[in-house]
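Shared chain: chain A. Partners: chain B in the first complex, chain C in the second.
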Partner chain A sequence: MTKGESAAPVNQFDPETRAALTELLLQMADDEFVIGYWDSEWTGIAPILEEDVAFASLAQDEIGHAQALYRLLAELEGGDPDAIAFGRPPEGYRHARLLDHPRTDWAFSVARRFLYDTADAARLDALAASAYAPLAGVVAKMRREETYHLLHMHAWLDRLATGGEEARARLVAAMERLWPDALCVLDGIEGDDLLVAAGVLAEPLADVRRRWLAGLAPELSRLGLPAPPAAVAAGACRGPSRGDDFRWLWEQFTMVRRSDPEAVW
Partner chain B sequence: MRTITEADVWTALAEVPDPEIPAVSVVDLGLVHRVAMEDGRLRVDLLPTFVGCPALELIRSSVAERLAGMAPVVDVEMTFAVPWTSDRITAEGRRKLRESGFAPPAPAATDAARPLFATIQVRPTAACPWCGSDDTTLENLFGPTLCRTVFWCNRCRQAFEQFKAV
Partner chain C sequence: MGGQPMQVYEVFRREREGGAMQHAGNLLAPDIELACHYAREFYGRRQESVRLWIVPRVAIRDLDDPDLLQPPFDRSFKKPAGYSTEIKAKLAKARARAGQEGESR
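Our next item is the complex of A and B:
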């Protein structure tokens, strides 16, 4: 019997655990969905042709991951994955505020993607052996694909950090601006201790965040890049209030559905 | 009429080409997770290569179309029950990829026990499918489809693509 088929039924979870699982899935799906849409904004205007291709591909991977996670949510809570993805008002999205920023300049997008990808990698590590088999199956695939994202963004981080003065200055400025928001990606979820007890998550998100930062420290120090601040800056990590930049993106990615909710694509 | 066996199903599956590289079949690529025949019901589970691959539905429907009529009920589904990994591409599949100008993937570096961040040190390498030279340069980790990486051969001075090792 394979892993997927040995899945315990969803109703194995008590309501609190299940609520925490739903929240975790929604956060992960929305993170991937929103960064995927921001990345797609580089298509055609990236600094070099290779990056047009790379960012289009990264975007397609992330939106694919989001789609798979929205399907898990639909199986867990009922409903239609497309309706979850496209049918909410901007206040209904649960992505981390790191992803509220627009693409800005290249160094900013590289810094944001590097911070997000490494945080997401730590989160995926904590789900690789999840007792919730449908999630473990999707995560096993995501981890394999994310290997390429990490390689790519690490290469760019290195290139900008050790390149010319301007590249380095822009990268450092972007990291200083983004760090307080980056910590938000692994902010705790109410009930994440229940997910740990149920074997869904290997450790609480606070520990995942510590592991992420410890893993990054040697590389940041080697490249002389800003270290994380001691704490997340004040304010909600994941909405509900969002600025104009995310509202603009939301207008873009919901445009087709708002004009024709029955459209199939 | 002779009873259709699982072996017949596998033979039929070996005739379903990959939509992007028709020289290789879904069997060559290791996409078939399971074939089950039970009480007039044929169930085939396929593994998605990449989660966001836009060809998945095309692959699923091509398989369903080829198997139609082999049992009163034919069910073809995609599953994440086990991860598709490029290590599943068969020896025959690798040969056909090379003949079509694609470098087969190196062994996949990801496993559940290893922290993902550790993989940033793994640089893909590839031998040129045209001239066989190992003197090649990675041009772009990302290529024309999600599953491919772009290389340059320094010996025969041509670009080529490698299947990602995932």
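Our next item is the complex of A and C:
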């Protein structure tokens, strides 16, 4: 990120709006960070060598997006982006429950990434014209990279849905399992109405979610894939309690930093 | 991947506007759409290309017949370099002749 993008005054918001902005940035950053780590696990074991490179590259892009968002957070709240990214206990992460699942099989990872990327795209749409200029700048760059991510995931959804019995059965099972948690990505946050009033967010997250689901409906219907459930399943959408799978991933991605938190790279 | 047989695609890239398309390498993909995605990953994701061409190898006609490509007689006169070598030699001789003639006058 260039210095020019961080020029907007960070004290332009009242405390409640600012708290909502901080929460939104943390949720987005953690979403990108955690899916980036899960999907990078396909490096070396994707269905073909070419896809191995492609999927790992997508995962790496998400880590880059997380880095840009952690920097925004550090500018807004003070602190070190790396410390925000790697320095919290598992309970401190704010990613959606959709990203608590392990990578499982290929159809599962494709289904999860498809659901996440399309939800994230709807969220980014609502931030493209954000009055918080540093965020609008980062979002503009993210959306350009997401163009390719979306193309790639639509292509894979289509192939698994129409590519034979086993592929289709695995995809359908994955989507049925993931849908209730996928809705969590766009669960409302406290104060998102304040963000709308301040022009940071174009519409409340509940409306973003409706727009996301309406946009997906024709494709799901064409491919005969499971439609979303009427409501999010019970339980907290974004922690603090996490299962063993995320705890394992946290152990992995914090391992090096925990070995020497003061190391200079 | 079960259904579609994998095909080889040859990829060409242009490094900067105005440059020539040059062969970059090849890849395997089940169809042209994924071939385009993979070409982008292999030959474009580091901002090293402004344009890619993705061509199924089966669309390429291979020509390596020596009768067509390596004719046996001297064809140096068809090459600009051959022509210029020859004309330089002729010119040198002519100059030498002219010099001798000048002395004899």
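As a convention for this text, the second predicted complex is superposed on the first by the 255 of 265 C-alpha atoms of A that agree within 3 Å, B and C clash if a C-alpha of one lies under 4 Å from a C-alpha of the other, contacts with A are read in each partner's own complex, and residues count from 1 in each chain.
We take it that a residue touches a chain if its C-beta (ideal position, glycine included) is under 8 Å from a C-beta of that chain, and two chains touch if they have at least 3 such contacts.
Quick caveat: nothing in here was measured; it's all calculated off a predicted structure.
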item: Combined model on chain A: chain C and chain B, fit or clash; value: clash
item: Partner chain(s) touched by A:Asp30 [first = chain B, second = chain C, both, neither]; value: neither
item: Contacts of A:Asp100 with chain B and chain C, given as first, second, both or neither; value: neither
item: Contacts of A:Ala121 with chain B and chain C, given as first, second, both or neither; value: first
item: Chain B versus chain C, judged by how many residues of chain A each one touches; value: B
item: Touched partner set for A:His152, first chain B, second chain C, both or neither; value: both
item: First, second, both or neither for A:Glu50, with chain B first and chain C second; value: both
item: Which superposed partner A:Asp39 touches (first chain B, second chain C, both, neither); value: neither
item: Touching partner for A:Gly163 - first (chain B), second (chain C), both, neither; value: second
item: Touching partner for A:Ile63 - first (chain B), second (chain C), both, neither; value: first
item: Where chain B runs into chain C (options 56-64, 92-100 or 110-118); value: 92-100
item: Doubly contacted chain A residues - partners chain C and chain B; value: 50, 53-54, 57, 148, 151-152
item: Contact footprint of chain A on chain C as seen in their complex; value: 1-3, 6, 27-30, 33-34, 37-38, 40-42, 45
item: Chain A residues within the chain C interface of the complex; value: 47-51, 53-54, 57, 148, 151-152, 155, 159, 163-164, 166-167
item: Contact set on chain B toward chain A in their complex; value: 33, 48, 50-54, 79-85, 108-110, 112-113, 115-117, 119-120, 122-123, 139-144, 146, 149-150, 164, 166
item: Residue ranges of chain A in contact with chain B within the complex; value: 2-5, 50, 53-54, 56-58, 60-65, 67-68, 118, 121-122, 124-125, 128-129, 134, 137-138, 140-148, 150-152, 154, 211-212, 215-216
